[in-house]
Amino acid sequence: MNTSQWHDALRELTGVTGVLGALIVSADDGLVVAETAMDELATADVAALAAAVVSRAGRCTDAMRAGVPSSLHLAAEQGALLAMAGPPPLWLVAVARHDAELGRLRLLLRDFAGALR
Amino acid sequence: MTDVSLPPASAALQGLAFLELGERLRQRGQFAAAASVALAGLGHYPDVADAHDLLARIRTDQGHDAGAIAAWHAALECDPGHVGARKGLAFIAFRARDFTTAERQLELAAMQAPHDASVLAALDRVRSVQPVSAAEDEPRFTDPSGGLLLYDLQGMRLAGGIGESDDAALADAVAAEAAGLSREAARAARLLGLGRIRHLVLETADARVAVMPVAHDAALLLRRGAAIPIGRLLALAGRAAQAADDWLGRMR
Amino acid sequence: MRVLEPWVAAPLTEFLGESGARVALVMTSAGQVIAQHGFTRSLDVMSAAALGAGILATTDELAHILDARTGFGAVVHQGVRQGVWLAGFDTPRGRWIALVVFGPESSIGLVRLFFARFAEQIARAAPPLVPAREVLAEGFERELDQSLRALFGAS
Amino acid sequence: MARINPERREVTTSVVVYGAPKVGKTTILHCIQDRVTPERRGGYAPFGSDSGVAALLDWLPLDLGVIAGWRARVDLYAIPDQRHADATRRLILADTDGVLFAADAQAGRLAENVAALGSLRANLDDHDGRPRELPLVFLYTKHDLPAELLLTRAALNQELNPRGHPDFACSALRGEGVLEALHAVITAVMRQLGPAREQAR
């Protein structure tokens, strides 16, 4: 997948009902690599915070000797953050409202994360 | 008369050929002969896990479950990662309708052999027949190898363990990291306007982990094998969270 | 933590806690130290302040040459184990500079995120500026004269 | 700018020693450091010199004690002559409260003094190009050399100090004149913090 295809994939993710934005994040630096999002989503903040959660998740699964995280789903009262590992250090991240089609979003994320490799 | 051409007993015991011989006798139903070969072999090779595994399978076929369980535990003492022993113990537990133990043993087997199709199939089989009754299904905090950990947000372990036998130090280390994860996830949800966190699910190649806040400034982490459906994992975690609420309420 | 302006302490403490940064230095654009956390030797503080201010001044000059209208938000040096974040920000007391050192437990993204909040808090926390004029009362020059004589060892 | 801390009644001002290359700025700071009572000055601190980089900045903090109820301090800066110090030079001048302009009194150095004075003015312009008016004192150095080599004070003032700012002849090596000039520039700087009145020359 080349970078222009990245944007096509991100647009498709953002097209899922209830999705506020999708981005590719460099987990090491917590920075945005590519993004498409609605105006109200602060993608730079999403990148920093998602990368921080991914980093903590990795330390947790490492302590449990359960391997490296490949996906992460944070569900909260008003919305959710989903993240799928691409080729290190990239992660594919999406932020959605609580009424979003999370099941479909999750499958798309999995497919695109795989294609990022 | 046995129609098997038996090499002279001494020769049979030279290498580990007795394992193959014992297995062939077992498969032919000649359990007594198979048992004597296995026992003789164990006399010479007491710390060969496969030898205990062979004896355990023979005992299972003879219907001596207790003997089989003892032999498989002996095999695990020689080799804690012995997948055959885990599968054997799971089989006996399953036959006795002890689905929780069966699932537990197969999960430990899956940890050792994450890509062993027979283990994953057995896991699905055990899970599919298990009645979804709360009591039988309930991961208990009191079971240190139950893969269920309760901790406070400062990272101190309150109860439970993480499924690697009852290694307290490991469980404490996981509690410390899990608290960091819980705090980070809660901060991210708050700062991104997603509201209060409900749960977090992590997937790795070997495991699925649910992290869920619990009242009284605590949280729990539930670890299961990679094959468990997420919905089921969250249902288990939800029930554990209720149990934790009550338990912490009584404690505090 | 050591602060020259007490009202800087709370925002700086929160910034360090949230961003996970290890060392932080806040200074005027001339390199005069306002607050620092994590430095152990005062000379390091002075050197870091002067060098940091110099780097940002040079970067502003580069932005000027490149006609980058708004200049560069921040300068980041990312090493293997540590990163250094240098950024200027406007405060009621003029343009200040922050130099932040962060390790693997933090990231450029987190420092950037919580630095923006830190700058906002500083702007809100700054007490009204005391007008430079009228600080010293009438007749201060006699005391000043005595002090300067004492300073130079003259009786 | 003067940094004023009303809670602790502290005021810190800064003075820059400015001048052409080789005029002896660092020597002037050393001369001051040697003659100021030790307990009233901080350690002389060349910045960055121990890290293999030529000193970016020389700095000498002076404690004036309590004046009219305020703890007063003055930071003296001298910016060495390296090319790459331009950014630091502009930066320090942007925030300074006064300038001690050192000019080598030798006739052969006049052109360099004029150039240095021009660069000072350019660096003192604020972002909108308006010249910043701040206390300025002239220090004509090298008066330990034979008089025939030196321009007279009148000639130096005519070329460099037409507006008649305070000026002092000095020999940094012998230490004469430096403290008087410092006294004058600090007084002028502190006067900025006193009651407003017709600017005293």
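A few points about this structure:
Each chain gets a letter, A, B, C and D, in the order it is written, and its residues are counted from 1.
Here is the rule we go by: a residue touches a chain if its C-beta (ideal position, glycine included) is under 8 Å from a C-beta of that chain, and two chains touch if they have at least 3 such contacts.
Just so we're clear, the structure is a prediction, and the values are computed from it rather than from any experiment.
Across A-C and A-B, it is A-B that has more C-beta pairs touching. Taking the mean of the C-alpha atoms as each chain's centre, chain B and chain D sit 78 Å apart.
Mean C-alpha positions place chain A and chain D at a centre distance of 57 Å. Averaged Cα coordinates give chain A a centre that lies 35 Å from the centre of chain C. Averaged C-alpha coordinates give centres for chain A and chain B that are 32 Å from one another.
The set of chain C residues touching two or more other chains comprises 113.
In chain B, the residues touching two or more other chains are 187, 191. In chain D, no position touches at least two other chains. Contact topology of the protein chains: linear, an open path with no closing contact.
Applying the touch definition to every pair of chains gives A-B, A-C, C-D.
Note for the complex: chain C touches chain D at residues 4-6, 28-32, 43, 46-47, 50-51, 53-54, 57-58, 61, 94, 127, 130, 132-141, 143-145, 147-148, 150-153.
Against chain C, the residues of chain A that register as touching in their complex are 28-31, 44-45, 47-49, 51-52, 55.
On the chain C side of its complex with chain A, the touching residues are 78, 105, 107-110, 112-113.
Those residues of chain A that touch chain B in the complex are listed here as 42, 45-46, 49-50, 52-53, 56-57, 59-81, 95.
Interface of chain D with chain C (complex): residues 1-7, 11-12, 14, 35-37, 40, 43, 45, 47-48, 51, 56-57, 59, 62-70, 72, 75, 87-88, 90-92, 94-96, 179, 182-183, 186-187, 190-196.
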